[in-house]
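Across the two complexes that follow, chain A remains constant while its partner is chain B and subsequently chain C.
Presenting the complex of A and B:
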């Protein structure tokens, strides 16, 4: 699976990293460390026609993006 | 400890402190400073000054005296420091006030702002607790500068979009203040870090009313809605959503990017003015005459279940 680790980056970096990583194929898994990138990536991906699934992993969040 | 001369203090979440000096003079005092929101140091100084000065106009007063507050790292080029201060000076002069001194200390990151004092007649002080049922709410700048600043950090704005963003943040609320004062508004506040919804909520709670906003009538800076759809939204907007939960009732069918912008934290945002309906058209005319982009964005209703209700259409 296509994976990126966007923990430690502040907005808008995680969204831009996700946008880039989507070019390399689906599904894409994105790891982030706060709710701001969760909400921003969800907005971007949903508006671009993707589906987003989010689950907590310890103190982080794992987003899975599919078509 | 209390002092009967203190007209506005901590209690009411207002924009500045107000102290009655005598029967005809009230002193308005406020302070604000923050780290750079744009790369250009001169523009940063202008924005920080426009933001700090704004609280005095929002209380119905005229700024007269300002003091610089500055922190900067030892490695920072002296020319950068001078440019920040020159930017601040330019806006204080435009405001009709003077800089009389200030204080600077070393810090890891530059921060700049001002302590500002101004005066008003005690009877002309505008708080955020005077709004009356039937008032029209008029906003004097477009929203979206938090979103645009976030985009600017990643170089996502064209030079024209960047210029428009800086123009919004460096425009003084002096002109909106001069337009509104002869029309005797009931309440006023300025829109800053808590976003339009956060500041409208304070006005509604302070006045014991419900503020109704019309989502499609709220002016938004070019590109901001598009960026919101792309998830370029500052963390502060989500913080605002969190703390306003329960205070804001959003009607169904409002596009998400529209409601996101209503929560967007603003730097040096516009004034939000509550004016009786029969004087609203005159206020919009007076704003337009002074080159201010005023818009009627809502109205004041009797207190309902929430402090703020957002309708899809006006």
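Presenting the complex of A and C:
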């Protein structure tokens, strides 16, 4: 599984990191620590035609991006 | 997800912000200055004596409301997340530079939009510079610019700036003699305290909920072809224009004779270019920094303090423009701040990100 940890980065870095990581293969798991990147990444990935699943992991959020 | 469902809330929030801005100007704020984060932080710096420009000193309740409104919304949504430690000195310096650029132009990005909605064509020139600055900022981002990770911090880190805002509110209401309140000029023009405070609280809460950001709109459109935040920007513009017309606020489409503005196109362009570039590196416009500071980000709180100190410097050393035009010292300061901002950008590039 392709994984990145985008916790703690300010906007729009988590989205840029996701964009770059998507080139390395699916499914992609992205870890973030607030709702803002959750929404930004979901919007970006959905607009680009991907499916996004989100679940809470403790205080963080884990996004799984698939085609 | 339907388009309206996806974008409806930010458009509605933008419309509300625009209407509230028009109402604040109607109730006594300076023309096209329903909200101006740069001008209002500058007024606060003056009120507590950090600068002695007698015409721009007042504790603006809007700022207090924005931070506290964001905090209440963040707490209600369980999004009050205390984080910090991501390059605080770079953020302080970038906040300082944002203020130098904003006071060259005479307004933060939000006031730029409000000025356009009042017919001020100088602000259109500013908008072009702002977009150019954001474009430069996206080049740094694409090159791997990062101020590194923030990390969880003790709760007090996230509470200090909101507590300071409560302190400012107490000072405003008590009005002790050691404070400075303008008796003439823009600093003396203000909506009633209660109206301004409520306006700030409402806009702060809406901006926290929707992530409204003047910089983010253009930035995301360039980087991702994502126009979500830009819709908020456009909604503010439309609402303030309509609001001004309904309330009878001045709307004259011209360069000359605009309130708290000057007609020096090159420096309106460069001032907002600096604001756009430095704000992209900070991760958001001055409004967004206030909102994030209210949501627990001590990094954004540091950027806000940088803006306040920048404002004090601008007025202590004659860097700020006025209706009479720009100053030589201000033009030099904008160039220096552009160099410093670009240097911070260049020094924090990283070719490979995790």
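Everything that follows uses one rule, which is that the second predicted complex is superposed on the first by the 67 of 67 C-alpha atoms of A that agree within 3 Å, B and C clash if a C-alpha of one lies under 4 Å from a C-alpha of the other, contacts with A are read in each partner's own complex, and residues count from 1 in each chain.
Just so we're on the same page, contacts are C-beta pairs under 8 Å (C-beta built on N, C-alpha and C of every residue); 3 or more make two chains touch, one makes a residue touch a chain.
This structure is a prediction, so every number in the text was calculated from the model and none was measured.
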Next item on the list: Give one of first, second, both or neither to describe whether A:43 is in contact with chain B, with chain C, with both, or with none.
Entry: both
Next item on the list: Please tell me which partner, chain B or chain C, touches more residues of chain A.
Entry: C
Note to self: Let me test your reading of the model: by the given contact rule, A:34 touches which partner, first (chain B), second (chain C), both or neither?
What the structure shows: both
Margin query: Output check: A:9 vs chain B and chain C. Expected answer is one of first, second, both, neither. What do you get?
Written below: second
Check: Is A:20 touching the first partner chain B, the second partner chain C, both, or neither of them?
Finding: second
Notebook entry, point to check: chain A residues touched by both chain B and chain C?
Noted result: 10-13, 15-16, 34-36, 39-40, 43-44, 47
Next item on the list: Quick one: which bits of chain A touch chain B in the complex? Just the residue numbers, please.
Entry: 10-13, 15-16, 34-36, 39-45, 47
Notebook entry, point to check: Can you list the chain B residues touching chain A in their complex?
Noted result: 150-151, 153-154, 156, 228-235, 238, 256-257, 260
Checklist line | chain A to chain C touching residues, read off their complex | finding: 4-5, 7-13, 15-17, 19-20, 33-36, 39-40, 43-44, 46-47, 59
Notebook entry, point to check: In their shared complex, at which residues does chain C touch chain A?
Noted result: 1, 6, 77, 79, 81, 83, 86, 141-142, 146-151, 211, 213, 216, 219-220, 223-226, 228, 282-284, 299, 353-354
